[in-house]
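Here it is, the structure, as structure tokens.
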Amino acid sequence: MVAQETETMEAAEVSGRREAVHYIVRRFGIYLFTLWAAFTVAFFVFRMVPGDPMTILLGQLSRAEGQLDPEEAEVIIAHYREVFGLDEPLYKQYVFYLGNSIFRGLDFGPSFVAYPTPTRDLIVQRLPWTVGIFTTSVLLAWIAGTGLGAVMGWLHQRRLTGLAVAVSTLLQITPVYLVALGLIIYVGFALRWLPPGGPYAAHLQPTWNWEFISSLLRHAILPMLSVMLTLGAGFTLGMRALMISVLGEDYLTFAKAKGVLPLTILKDYALRNALIPQVTGLAIVLGATLNGIFIVEVLFQLPGLGTLFVQAMGLRDFNTMQGIVLFSIFAVLTLTLIVDLALPLLDPRIRKTV
Amino acid sequence: MKNARILIGVVMLAVILAVALIGPSVVDRVLFPDESPTSRGSYRPYQLASTAHPIGTDGDGRDGLAVFVSSITPSLAIGLIAGLISTSLGVALGFFAGYAEGRLDTLLRILIDMVLVIPTLPLLLMLAVYIERWDLYKLALILGLFGWAFVARVIRPQVQSLRERSYVDLARLSGENTPEIIFLELLPPLLPYIVYVLSLAVVGAMLAEAGLQIIGLGAGGLPTLGFMIAKGFREGVIGVGLLGQMFLPAGALIVVFLSLNLINTGLDQIFNPRLQTTIEGR
Amino acid sequence: MSTLLKIRNLSAGLQGRRAITQVVSNVDLDVEAGEILGIVGESGCGKSTMAAAILRLLARPQALQSGSMQLTLEDGETYDLLQMPEKKLRQFRWRRLSYIPQGSMNSLNPVLRVRRQMTDTLVEHGLTKEEALGRAGEVLEQVNLEPRVLDSYPHELSGGMRQRVIIALAVSMRPALVVADELTTALDVVTQRQILQQMAAIRDELGTTFILITHDMGVVAQVADRMAVMYAGRIGEVGSVKDVFASPLHPYSQALIASIPQQSGQRVEGLSGEAPSPWNYPAGCRFHPRCPRVFEPCSEQAPALRPQGSGRWAACHLFEPQFEPQNVSDQ
Amino acid sequence: MRDLLVVEDLQQVFKGRKPIYAVDGVSFRLPEEPTILNLVGESGSGKSTIARIILALLRPTAGHVLYKGVDIFTRDRKWKRQFRAEAQAVFQDPYSVYNPVYKVERVLKLVIRKFGLASSAAEARQRMEESLRAVDLRPQEVMGRYPHQLSGGQRQRLMLARVYLMRPRLIIADEPVSMIDAGMRASFLNILLDFRDTYGISTLFITHDLSNAMYLGGEIIVLYQGRIMERGETQGVTKAPLHPYAQLLMSSVPVPDPSRRWEEDVTGLALAEGGPSTSSQRQRCLFAERCPQSMDVCWQARPILRIPDGADMAARHVACYLYQEEQKRG
């Protein structure tokens, strides 16, 4: 009898490994499918907007660059049509578009903002700003918020946490751009503690000396702070709620009955379980905050993707706008995939159920 | 009222609504009888706060307070219309997905997730390029069309869990057909939750609207709170010392969000008794 | 046999929305060393609250607790669990008295392997890592589980296996007393029998005392030595299982036993009415609104739990000498 | 004799990477005359799935359910309505069986309206009160209340009132007493017995608790992992089970009698995994790995359910090679 049981447990182990592989393959499959579907939707949205992009482009071109030679414009537009295959039937355009996405690494031809630099290079140029300032602040906000929320949840019956919850709630509901505006106005203009905008002091050249770097950092504080305050408050409240609900679970009562040290209970029992949904939350927020980040970049005049997008919009730069949208879809989906794949490390149950 | 949060939230919302509805006529008749405080060039622009103009005048020579009180209603209207559109679309799709089984359900779930990852703001900005003249309804409609995925995503699991309850089986045994089960059995218990989601959608739409204005929907800017903030920022009203023209609209937005948040968490406390744990309850 | 745990006048309550409600009221109960004591009652009668109260696991701000709980160990030392400071209590729990909570299917931490959950407890109580691991394997064997269970996560085990892990954990420090709340609810009958026999085997081997809290009269009849019948937060009757089943004294025990479905053809009548909730316990004897033998004093005065000879106790005015003398033997 | 209900070779496979055979070739019938049939099994034995199929709430992967000779999954709407009126259910959980937003009497009003059981509002009210009284509920204590204001026992009895009101031919009761208190249990079961004797209502009683089945009597089917192991009269099967699984099951019932305690120690026996069977190795007896008397043949082919050899128990069927002489020998 016992031997039989051993066998089933071994079988379970093998099937567990197989399930892990299956989980990864399935997640990856969903990722690719979603990516394809999102790109397809984006394609049709771009094509469905009223008006011929080329006509608008032409009008825009002559307006923007005034004395643009009509022939030169014709050349550019012809080039565009060729690159995009806009004279082709829709399905061919679609195939071409997918081909571009896959084989040329999100390359959709030259940008107009900085003609003839390709869109992709432009995005790559601007990316360090967005990643350096915003991704960093989202991650920092997540770490700080999770820690703070855990403490607040653990001590949830103390009086002080009531105040902290109220402050967090207020911060959380305030849109990030209002916090940014407030910081610009108060800290930047009224108090003059920190520069209210721009990537670095205007008279400096980007070089690796201390003067430049310190200026860079001083300029980064306010935008990062605005993102961290609002998102951090959200993460704090979320983690607090998760902790409180985990504290009500049976295994926590049992751990207490077992006489396990409070610190061990906090670490191995409460935190580890509460972290699972909190990590999923990070993935969702990473996607959702993109909107707010665009605005913050514009408000602080940082040369990231958001500003690029607004510039491109001003010039009706069809290529660049599409490139940025697709790039952000790609980034968000990839981040979600990474979080999803990391999740089983935290939660052994996921390996079984998809 | 049993719940302090709901009470405070309702009072705050009522104050904002009162200002939005009665404010314009009060300002017109009491403060500025026989004048048109919201027409361009009525006054000298950028006047500092005074008894004549409590928060000064704006760059177009209008009275700041009059502009402020008349901006609230359009903001709320956009939020409400867009929220209603996205909630009804999302609820319909969430119910459909929650009621579907197998492959269809998986497909719908992926569709919802996919729409969720498409960044809405850039798309809205792109649309702004092509739409020459914005009006309130167009903006509300578009915001609503972009917000349904979130609603569908949260409604779907709720429907699924309700559908597992045996009262749905009992209803079928009592001779109810599928539409009756959806509208008489599944929808009513979810109504409080749907109201909750609606308020989130309203907040989301107002947020997006103000964001769009601030980033520069610009050209045909609608007279909303967001537009007032954006305009004030662009014209540098703070530098001139007209703080009120910035903080009043921003404060109004925050008050709306806060009141809805308070009402929601209060309702959650009532409908979700998990916070009050008792041992005997098990 | 010596008395291991002497509970006197124990009351425990919960903080409701408005007021503190007494869920367990003035309970007197002796637990003998080495016995299996069954506590039975309908749902909501305060059994679980009493279990948690014995371990002092009711969360501080919500619960009030009064009375005394004297635990006398083999070496003759006596401790009052109610007076014990929290820090000492944490050491004391598990080493001297442990707990198997209701819903023990969910009592294992889902994200830690069984090994970690067993050793962290043992190390906390003074064993070294190696000793702890050895002990874990030992107690698992005692409950007929393979040592490789240590490497599993809880979700990989069946309900019966998880229950065994919990039992192994509960006896891993060789405590004098284990309080088991609804040990086998939600298990299949075969597994239930295995678990219950496992418990009895551990008692025989180690001399551990068990308090077995259950709503199932069959479970008590099968494995308990003595039983206490609880109703609405009070003890109605205490006695050996054989005696109580053969001739229940308290009208509530009588009704409980009479309403057990036996064989087809022999119809039994159920107990009418509903057990009161702690928020509106009736005055006097709390059973009087449903009692078939109710008389004057029942609605006014709560009967005390008094000895009725041969180790039996009952709380009923029928046995109070100052009231109408009753012939008890015809029960 | 025409049968009321015929269940033929029912199979329910839940597709997945590992298909789960929740119900695997189950056949039985209920006669025309009022009877009680007990369907017992552990969790995962497929008993609730069978209930859902018979109630036409779930379409089986294979097999048929015939009610009065007609397949219950027919497209005939009129027939289906009639079937709904005649085959009713009592579910396990008296909490989730009520829609929390409606008052409890809606479960009665709904069937009155849907099946035209009353011609006027007054008659409807009168019939509702009558049915409540029939199950020992006081109308004024129940009507106008919301589900959370009633106790579990009251809620479950209200389900019986609903059945009383409808007067179906067949009740499918899926673990109806597992969530109500012991004191209430007996009176609930008594009502089912009264329904059979007074109104000729048959009951398919699904339970994991054998003591309920013993009390109700009638016939019994013992399920294990989606298959029938043994079938016969309840009295006989519970007293002298033939199949090793049935024997283990019957002997494990905690009899509420301290003078009849368990003797044999079963702690060393392999633990039940409990789950329904998956596709691997289906052509064998599913109880083989836990069976103390398993033989080679048990691992090689699935034993069929049939009358045991050399026994004069006409009503008894067992799916076990121990009772099939030719297999035992060869």
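Here are a few things to note about the model shown:
We call the chains A, B, C and D, going by the order they appear; numbering starts again at 1 in every chain.
As a convention for this text, a residue touches a chain if its C-beta (ideal position, glycine included) is under 8 Å from a C-beta of that chain, and two chains touch if they have at least 3 such contacts.
Model, not experiment: these values are computed from the prediction.
Where touching is counted per the definition, the chains common to subunit B and subunit C are A, D. Set side by side, the interfaces C-D and A-C show unequal numbers of C-beta pairs in contact, with more at C-D. Between subunit B and subunit D the centroid-to-centroid distance comes to 51 Å (mean Cα coordinates, whole Å). The mean-CA centres of subunit C and subunit D are about 33 angstrom from one another, to the nearest whole unit.
Each of residues 2, 5 in subunit A touches at least two other chains. The multi-chain contact residues of subunit C, meaning those touching 2 or more other chains, are 102-103. Within subunit B, contacts with two or more other chains are made by residues 277. Those residues of subunit C lying in contact with subunit D across their complex are 42-43, 144, 158-161, 188-194, 196-198, 201, 215-223, 241-242, 245, 255-257, 259-265, 267-272, 274-275. Those residues of subunit A that touch subunit B in the complex are listed here as 30, 33-34, 37-38, 41-42, 45-46, 49-51, 56, 169-170, 173-175, 177-178, 181-182, 185, 189-190, 244-245, 248, 287, 290-292, 294-295, 298-299, 309-310, 313, 316, 321, 324-325, 328-329, 332-333, 336. Across the complex, subunit B meets subunit A through its residues 110-111, 113-123, 125-131, 203, 207-208, 210-211, 214-216, 229, 233, 238-239, 246, 250, 253-254, 257-258, 261, 265, 274-275, 277.
Residues 52, 55, 57, 81, 84-85, 88-89, 91-93, 96-102, 107, 110-111, 114-115 of subunit D touch subunit B in their complex. Those residues of subunit D that touch subunit C in the shared complex are 42-43, 136, 151-154, 181-190, 193, 208-212, 214-218, 234-235, 248-249, 251-259, 261-262, 265-269, 271-275.
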